[in-house]
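Take a look at the structures listed below.
First subunit A sits with subunit B, and in the next complex the same chain sits with subunit C.
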Partner chain A sequence: MVFIQVKIIQLMCSMIKWRNKAITTKIYKYLPNLSILMTIMFFVVYGIFFSNADWSLFQEQFFNFEKMRGRYHIFISPLILILKISFFSCFLAILIGLIMAIIRSFNNVFINGLITAYVVLFRSIPAMVLVVLVYFALPYVGLNLVSTNSVIASLSLLFSAYTTEIFRSGINSVDRFQLEAANALGMGSLQSMRWVVLPQAFRVIIPPLTSVLIDILKTTSIAYVVGVPELIARARQMEGVIGSVTPLIFVSFLYFIIILPVVLFSSRLEKQSRRWSKN
Partner chain B sequence: MMDDFGINDIKHIFFNMEVMDGQWGLLFFGLWVTIKIAAVSIIFSTILGLFVAIVRIQNSSAYNLLLITYLEFCRATPIVVALIVVYFGLPFLNITFSPFQSAVIVIVFVHTAYIGEAFRSGILAINKSQTEAAQSLGLNQIQTYQYILVPQAFRIVLPTLANQWTGIIKDTSICTILAITELLKAAQIIAAWKANPTPLVMSTFMYLLILIPLTIFTMRLEKNVRIKK
Partner chain C sequence: MSKQLHSEAILRVIGLNKYFGDEHILKSISTTISKGEVVAIMGPSGGGKSTFIRCINRIEEPTTGQIYFGDLEVTGSKNKICDIRRDIGMVFQNFALFPHLSALENIMLAPTKIKKISKVKSKINAMALLKRVGLEEKANNFPEQLSGGQQQRVAIARSLAMDPKILLFDEPTSALDPEMVREVLDVMVSLAQEGMTMVVVSHEINFIKEAASRVLVLVNGEIIEDGPSKQVIEKPSHQRTKEFLGNLL
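Let's look at the complex of A and B:
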């Protein structure tokens, strides 16, 4: 788009033999902004006046908040459920990841191989497949998990692989001399991990950890498949009752509101950590 | 609960090949559909992501604002929600997509943002003098991207890109919520019919067969990058 518009302006300039360089550079500077404004204007004008889209239908089906009136309280309990699921799976994932990373830092070849196999396995299994497997296959051997618990179990298994990697890179980022110094002070390996390595590693760990949190929040939505009464399930029920897609739009808006602050926070953290690593 | 199960019982339940007799066809059909969705989405999102990155590098504030909004929107929207809105919501407006189309549209829409960001950081990582050298050689902007920047950026970006591709293949499994018989759905159909979880286990193995090599490849690439630094 930009290229085409630049080319068009160039052609026009050459056609009218415009030699004034100052004006031309000014046009070049504001050209992309102007062009995107024109593109959006084009679509808006086209959509309103010339296409045969039915905008009243759009408003009625997608933003019909009159029909939703008095039904908002239905979304409170699934919202809390989702936050609960993501909290517990995040907590468990961080716990497992931390323990595995610490075990891995002892450099036992056999155990390290096992942990690497675990990480590879759970990094490559799709979340949906694991949730379905845990919920639909385990009951055959008598291991009945409530749907919410099965989602928590599979999410914490999945994301513990990522947190293991994150914690490991964090521990690796701390200088080895620090460990030796801690040993010289008479600290055991666990003690030096607790008092010397981990506090320094956390600076490296926190930004990727927030992106894992975002992923967990997003992945809770697949709990819909195993019949957890969460936001989407409720929205689809209500969609059937009131005959409009507004609940779905409302739910996606809710997700957006929950996740967006974390996203903004994490991108700010990433910028910060990039600045730190430069210094 | 678990203790009255011996190894033979587990074999009988999870690896019961008699259940799979005559059912492999459906499972492989599901695998084919999954591969189709994944391949189409990977191709489209990579190409579109490259374009998004190139537009973002032009540093025009309006395009950047638009594309950053798009990126944050994609980072904050679960794929399940997007799929349901596209597949079950848009028909209310008389816009109907087939399950395959809506799967591809949603996956491409979401992953283009991530891949674009990856490409942008890759192109920005290339030394600026390269662009200047290319321009002094008389290459125009498109040629600079085509011959100088994109090939180098590709090498830098490859680990992230492979990661995103793995993510795309994983996300195809979410399309079970649509009426499309991809691998997981096929397995679920057979499992429900035969009342045995063997198909689910087999489908998991198929996913792993595709994804584990990719993951190992990605991890190795990441390690290489770390060592080179």
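Let's look at the complex of A and C:
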């Protein structure tokens, strides 16, 4: 079946290589739809060629909503919890990243070294390790955090490393002359940052920043290691009780529902920030 | 302009040196610019013209030497530089308009954010400035929707909005198509006639003849010629100036 999908992709690639520009642009235009179509085709082809597949067992294992009846309310409080955790983590990650990127743009060699070290360090620590460290190790140095707060702290630390880099690349993408023009008008470095550089950096920043925010949302699941009753942990518990993987599928659907508005909001922001430019 | 105005020095440059690495770009330049003067700076490319004019408001950091703007030292403490720059307008070769703001917002930005002038007041002022450069109907257009000449006129209006005591022009017309040069020069000539002190890096010989009161010729980081524009253009004393002007005409 993988073979078939590879074949289809190869076929499409050869189509794209055609010199006929009209067809190629059309394919590019409909590529997202095509990929959805391909996935559906994959299942259809799978069903036809491998008709000995046990669909009823498959459904019982993964889409057994029968057994979940009356249990959905269990997910309400963990849902609110992860929304809370991700909101504060996103907020702090953006704030810390922005501040560090701005400080970094002042080009102080010593401070930049520190920030680079911070970025390298927190980009390489696995999320789970950091959550465990913050929750179990910090009390020894006299810092006691509630499990939820320790998750927020670790996620902000981890992802502020990413947002720092994103904001930095956004700031760097703005033409040097823009800063000079702002300075020549008498703006200080913070004023020119606020009124001239950041608004222009914004549109470069939005797409990668959205990815990071979505990543934060999904990484909240790591909270289960310190006993926070979040979505995945609850789903796995229920999995044991009802003997089906369906809760995990349901929880993925919940994640999709949360993430969709984030994606829509960001693409709207991006469109708005492009109003002044043709490209 | 009246004679008394000329005697008051607005800008004094004393022993200005600039190095880029080992390259000696400006070699101990000293000059004084009086109020109401229109000084044109000419010279072959690589001679340090742009570096010199950018040092005046310290967009480029001078290596050694002092620059005084009135009684204030430009080359002094970095904390005061923003206040000094508010009185020194600058127009760039590549316009450097803020692309995310409309023409009107470009002009209003500095007065509202730095001088804290109310939006209503600065909008009236900005519209007046746009009218002055002949672009009132383009107030709500973004820079990308304007031609080069229009962008440069908006840029001039933007620097005028801060009510500068002196205007610096760094090759304001060299990035423009020939037919757009005139519209920008017209604005500059009218500014000169109104008595604005201006320092202009330019090779527009007609503009210099028409509006400049004095010409500096900068070659290899040194001022080799300094005198009234008519004298420098018609009877240059230095051989290098003659060659340079010969190529220009």
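Here, the second predicted complex is superposed on the first by the 190 of 279 C-alpha atoms of A that agree within 3 Å, B and C clash if a C-alpha of one lies under 4 Å from a C-alpha of the other, contacts with A are read in each partner's own complex, and residues count from 1 in each chain.
Here is the rule we use: contacts are C-beta pairs under 8 Å (C-beta built on N, C-alpha and C of every residue); 3 or more make two chains touch, one makes a residue touch a chain.
Fair warning: this is a prediction, and the values are worked out from it, not measured in the lab.
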First, second, both or neither for A:L57, with subunit B first and subunit C second: first
Superposed model, subunit A: greater residue contact from subunit B or subunit C: B
Which of subunit B and subunit C A:I80 touches, first, second, both or neither: neither
Subunit B versus subunit C as contact partner of A:Y224, first or second or both or neither: first
First, second, both or neither for A:I259, with subunit B first and subunit C second: first
First, second, both or neither for A:P126, with subunit B first and subunit C second: first
Touching partner for A:I99 - first (subunit B), second (subunit C), both, neither: neither
Touching partner for A:V245 - first (subunit B), second (subunit C), both, neither: first
Touching partner for A:L143 - first (subunit B), second (subunit C), both, neither: first
Subunit A positions touched by subunit B in one structure and by subunit C in the second: none
Sites on subunit B touched by subunit A in the complex: 1-2, 4-5, 9-10, 13-14, 55, 58, 60-63, 66, 72-73, 75-82, 84-85, 88-89, 92-94, 141-142, 166, 169-174, 176-177, 184, 188, 191, 196-197, 200-201, 203-204, 207-208, 211-212, 214-216, 219
Residues of subunit C touching subunit A in the complex: 57, 59, 82-83, 85-86, 88-90, 92, 94, 96-102, 109-110, 113-114, 142-144, 158-159, 162
Complex contact set, residues of subunit A against subunit C: 175, 177-178, 180-188, 191, 195-196, 199-200, 273, 276-278
Subunit A residues within the subunit B interface of the complex: 1-3, 31-33, 36-37, 53-54, 57-58, 61-62, 120-121, 123-129, 132-133, 136-137, 140-143, 214, 217-222, 224-225, 232, 236, 239, 244-245, 248-249, 251-252, 255-256, 259-260, 263-264, 267
